[in-house]
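In what follows, structures are represented as structure tokens.
The following pair of complexes shares a single chain, subunit A, combined with subunit B in the former and subunit C in the latter.
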Partner chain A sequence: MTTTSADKFEEAFSKLKKSESSIEAKSFRRFQKMGIPNRKSEAYKYSNLSYFKNLKPDTSGNIPHKLPDYFKHDYLKDKNLLVTVNGIFAESLSQFAEDEDGIHISCMCDARKEFRDIVEAKYNTTSSDHPDAFSEMNTAFAHCGIFVYAQRNAQAKKPIVMLHLAYKQDAGSIACQRNLIVLEQNSEVEIIEDYINLDEEEAFNINHFSEYFVEKDARLKVNVYQEESNKVHFIGNKFFELSERSNLKVTAVNFQGKFVRNNFRVILNGEHAEATVNGVFINENEDHTDSRILIKHNAAHCESFQTFKGILDDKSTGVFNGKVYVAEGAQKTNAFQSNKNILMSEEAVINTKPELEIYADDVKCSHGATCGQLDENAIFYAQTRGIPRDKAKKLIVFAFAQEVIQAIDNQDFKNFMERRLVHNLGLAEYSTHETVQSGIKQ
Partner chain B sequence: MLKISNLKASIDNKEILKGFSMEVKPGEVHAIMGPNGTGKSTLANIITGRDNYDISEGSIHFLDENLLELDPDERARLGIFLAFQYPVEIPGVTTTNFMKAAINERRKHHGEEPMKAGDFLKMMKEKMKLVDIDQKFMSRSLNEGFSGGEKKRNEIFQMAMLEPKLAILDETDSGLDIDALKIVSNGVNQLRNKDNAFIVITHYQRLLDYIVPDFVHVMYDGRIVKSGDKELAKELEAKGYDWIKEEIGV
Partner chain C sequence: MSTDDIILEEATSGEYKYGFTTNIEQEIAEKGLNEDVIRFISAKKNEPDWLLKYRLDAFHIWQKMEEPNWAHVNYQKPDFQAISYYAANKKKKKLKSLDEADPELLRTYERLGIPIEEQKILAGVAVDFVMDSESVFTSFKKQLAEVGIIFMSISEAVQEHPELVKKYMGTVVPPRDNFYAALNSAVFSDGSFVYIPKGVRCPMELSTYFRINAENTGQFERTLIVAEDDSYVSYLEGCTAPKRDENQLHAAIVELIAMDRAEIKYSTVQNWYPGDKEGKGGIFNFVTKRGLCKGVSSKISWTQVETGSAVTWKYPSCILKGDNSIGEFYSVAVTNNYQQADTGTKMIHIGKNTRSRIVSKGISAGRSENSYRGLVQINKTAENAYNFSQCDSMLMGETCGAHTFPYLEIKNKTAKVEHEATTSKIGEDQLFYCNQRGLDDEQAVHLIVNGFCKEVFKELPMEFAVEAQKLLEISLEGSVG
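Right, the complex of A and B next:
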């Protein structure tokens, strides 16, 4: 008798010994019922998930002794650095900068003891509206992830950096990484999330799920950087809830990954809240990147902005599905959405699907999607200055991606992203930075 | 330096150049004038290597190289430069980065090391002065949001940076007011020397008051129909093109 993936999950779950009334068990049962989605599911129409059907939860628990030297980027200096390995918080690899008033950072396990009320009030409350098999799987199997809590009026002066490492997973397994971020009234936090796999030859599979609560007047920035190997399969769910006058800015940069699915869901629950979700990806070979964004305007006078850009070469594929939902009564909504893609080869494919669903009558919503080839006039212009055609194309791609990168507020992180972009495009000799610092993949 | 012989070229089966010939020697400035649609810009595009033309006959040689076999960037690195009639905007690429790329490609071609940042900046400053460009343009996206005059000055600035052997100025005067025209011309004149050459394409004699040509050619229907010195330009300005048409019998 062969063991099916469902059996493997069942077996792994029974080992966790959770009571049937626990959040984990409820999620697990829902996950069991849903199973891994197929292409009939609208949410995964253009992404083939059959690969995920043969996996089991990762239980390796391997933690490296130290971080490789290449983590000495300037943007990490003097920062709070929180490291997870296959979803498990690794205190030995993390570094804590000096305490900041009202900012609490810990692993989820400690948070459940120390900030029990908050965790109970918030944890796993964002997913009920729109059930997703992977977020349910995550809740059932999540390891001890990261908890960030900013008390009322607290302002984190330094960004909080999270390094999510993949390292020596069980063969054929998927690691569930889980974070909870809570910003109380008028607090301010910036987060940088960096996903890295420590062995490029190994296949890694990640199921990431973060919940973010941005309460009245609070301000949250999240910078996400993914440059994993072409053997990584990644599913990420990031769910945000925003209250009155709160502000959110997310930037997601993705330079490599065999299969990357990013699901951003932003719920604007309070009036005058504002959300910006930007992203850029570069796909090569047979990479696949699927960005799904839902911005839900539940309250009046809110604003949302989405700018997503895709660059696809070789036989790579991409999906953009950005939806703006305006609920009844969410008058004076202002929602903007733009998706632009460059196809650099004949075989690359992008599926882009901007959606508006509006139930209020006094709103301003705009959306646009383009995909095209590089501008031949610009290529020729660069060539007449002596720049070879191939480099000219890359220079234009660089410029195309820059719109998203230049909108990053954190100067160190912006510079770092620019250097990575330069490096990945092979434009180091063109960089204005005197020395291009060694990046993660060198 | 440049020798074009009996060049015939067409686009979408429409013949534009119908047996064009000219020769340019180092130190010379040639003006090409003529009414709209006679193939002046096509000529500039073909010399620099735009590939959407069919060349059915003729040849272009530059410094003994057969240009028609080279890519546009290879031609540029040999020392050919085109100041565009409509400079292209490249959002996100700063003029500084663009020039750095161009200069270093040329240096690589000559087996030289990339230019040091300090030397590069010094050179930039020097050349900016030449065409009176404000430093703030250097960190802005190339040509994006530049006025017509700023774009043209930027072309001459790039020319100054790249020090071409042969520069083609494609209607650089169009859209320029008199002050900008003087600045641009002054820039060109300072770059003139016995080793380089210019082809100045223009509708009007006005530019030639400032950039004084050694030869003036009238182009009509895809070829040169009349050549002379700078006096020819003045005559054209005074009498228009009709008398030329009559003279050649069309």
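Right, the complex of A and C next:
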């Protein structure tokens, strides 16, 4: 960290007037000590973070008066809609069905009063054993984000869509968004997170940190969709803690973005828990996507699955670092991980590091990673069937990415993702297929 | 305790069979490391000025470096000032035959179970026996000289072929490469030098047995193998060390250079003292091994069987610079008790149509840690590069660890890179099947483990493969049963 940037953070923090014994102050001191990581840090080996060294925390508090056209999308119909602007929960823009029994949603500030015990027991408890500079920064400067609390046996009837808007941030600042999601025993919630920049021309910097607690027998689905402009620098930490027999499914779809770092950490603390973390990204221009996944098996009889796919074009770069950790005693673990990448251009670069760290003997763990270009035979086959070469290529990429998108459970969201995929690949101009046609309308 | 556990327990309690010390007079340098010590070593070896300068430069680089700690190992850092950097046998005279050798030495051979005469005749192996730092015995030299092959200790090579040593030494592993490479470059004691001239196919397997002997003496071998156009050589390196309680540092450098269409095959069986059952003592093995496929269609193949050492930190690598060149890495790493191994390879693809293949088998038992760490880097210039990596781990026991840390860095779209890894244990059903056919648990485990490692063993020369299997048996003796 340069002195100027450290000063900016110090100044901003002193304005918050937090007592030295607060969680915020402790995190801030740790953040100060760590500074913005450089490439010598193994966790950020392939990502250049120098851009973040000159930022200051965002304090703008700007909220747009009305929602943009984006909100007319089909997939948003009939959902619970929660909107944040620069990390702050905007209640005025949100819509929440009233008949959702046992599901409580509020801003973090209200939750601290209303659900004090829960917040105190859970808030900021996931980051202790793997310190990360950005999660500490987030804790120190967190805005009032979203709190979702599902009571015992509660089942959300409609998915909860979180629209994270970036809107007129302070110049050269980074907004820290913080969410807390707690699912009590045998509850069920589906979340869709969508990141949107309201002004494509403006630079936005986001430090997002969500903690998710999935207690006994609870089921959580999280779908993350990011289609950022080439002005966005995004750091996302999503930490999950799973208890006995709980189930988690995360799907992260990522189209473009100047700098996107997603750090998923899933801790399986109870027996027979199951976690699936899937992802696909398409990078163009000089995009950079860095996906880091840690699945930590602390208890026996758990299962985990990872499927990550990357498509890189132009001068884009990608990083995949997936790790399966099996603690001593976590016997009968099943863990699978697959990472596949396609390089479309001469200049694109992929760095992948699938890791296994295993301290129990009765386990089945495997991982596979591949990298290649489009199969000439497949392209040729399509050409012999009268499909132009260019379209053939796009169709193959479409199919490649589909593996992840097909596995999304929410039909509306899946259709929407398919359309975005068609649009992003430029397949719309060849439209014959139904999904392809609907892509034109985008 | 299930049968598996009992089997494991027994196999893991096998004792190191080669722990004994040979009493031979040695000349040992004062403990500690400074410029004077380096000058002393250099003077002792009667080295030319350029080599002294090389050592001193490396020493200055080393002083500025920090000991790396990224490896997945945990150990008491060696005190570099408490090590003696030179030990040579006092009686120094050239030997013409084995009869002239120290009878004490000959006994050592016997106890190691390597009947050297027999091996000489039957297997046609030329043995360059390194007792600590100095080469005291070189055989078959004459026969090799007839076809123009130079096979001698690196100290001799410095005297007799300084132009070759000067030209190639440090070109693959420069002193600033890493902390231990710099240390080795400053204080390297001895090692082997092999030069295969153009078009020559080495008529026999070249072999060196290293043995750490003098107490408190770190050993810093330096091996350099150069294979000219259209040549072929297979080199074997095998080690056993006497039993002792203090940690000993071993930081070697091996450099291989293959010119156009040349092929180098380098095989290692490493069985240094791993420490006792409580994890006390044992050798620190911090080695830099790297091969350069300089010419077109050249090939370098590393095969290693690692069963010894308390801490191993070793990545035999290939730089595939020449077009169509091939790099291979086959490894079996066994850790038991408190052993820690962080080993793997690096395949750096630079030339067009370069290919590499990695097969790594890790077996961990007891309370040991066994990591595979590998890098596959496909650079922009490496059109149509291909890599296949396979890393399998086998766990024996609930308290050991097996880890995989592969790094894949791909900068060329025509690259095809495949990596796969699995972790498993010996299944009850596999054991049961063997039991049914009259094999006891121990035999069954050896059978299964041997099958698990077969892909690597088949790459070893025959005599070595036999030794490797034996070693594996000793290392895992009683670990199951």
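Rule of thumb we're sticking to: the second predicted complex is superposed on the first by the 425 of 442 C-alpha atoms of A that agree within 3 Å, B and C clash if a C-alpha of one lies under 4 Å from a C-alpha of the other, contacts with A are read in each partner's own complex, and residues count from 1 in each chain.
Just so it is clear, a residue touches a chain if its C-beta (ideal position, glycine included) is under 8 Å from a C-beta of that chain, and two chains touch if they have at least 3 such contacts.
In this text, all values refer to a predicted model and were calculated from it rather than measured experimentally.
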Superposed partners subunit B and subunit C on subunit A - clash or fit: fit
Touching partner for A:Ile358 - first (subunit B), second (subunit C), both, neither: second
Contacts of A:Asn285 with subunit B and subunit C, given as first, second, both or neither: neither
Which of subunit B and subunit C A:Gly386 touches, first, second, both or neither: first
Touched partner set for A:Gln402, first subunit B, second subunit C, both or neither: first
Touched partner set for A:Ala369, first subunit B, second subunit C, both or neither: second
Partner chain in contact with A:Asn62 - subunit B first, subunit C second, else both or neither: neither
Angle, in degrees and to the nearest 10, that opens at subunit A between the C-alpha centres of subunit B and subunit C: 80
Touching partner for A:Asn377 - first (subunit B), second (subunit C), both, neither: first
Which superposed partner A:Glu42 touches (first subunit B, second subunit C, both, neither): second
First (subunit B), second (subunit C), both or neither touched by A:Glu328: second
Three-chain overlay, closest Cα atoms of subunit B and subunit C, distance in Å: 15
Set of subunit A residues, in rising order, touched by both subunit B and subunit C: none
Subunit A contact footprint on subunit B (complex, rising order): 48-50, 71-73, 75-77, 80-82, 84, 87-94, 96-102, 104-106, 109, 114, 117, 141, 158, 162
Subunit C residues within the subunit A interface of the complex: 70, 72, 380, 393, 395-425
Complex interface listing, subunit A residues touching subunit B: 375, 377-378, 380-389, 391-392, 395-396, 398-403, 406, 427, 429-432, 434
Residue ranges of subunit A in contact with subunit C within the complex: 42, 328-329, 331, 341, 343-346, 348-373
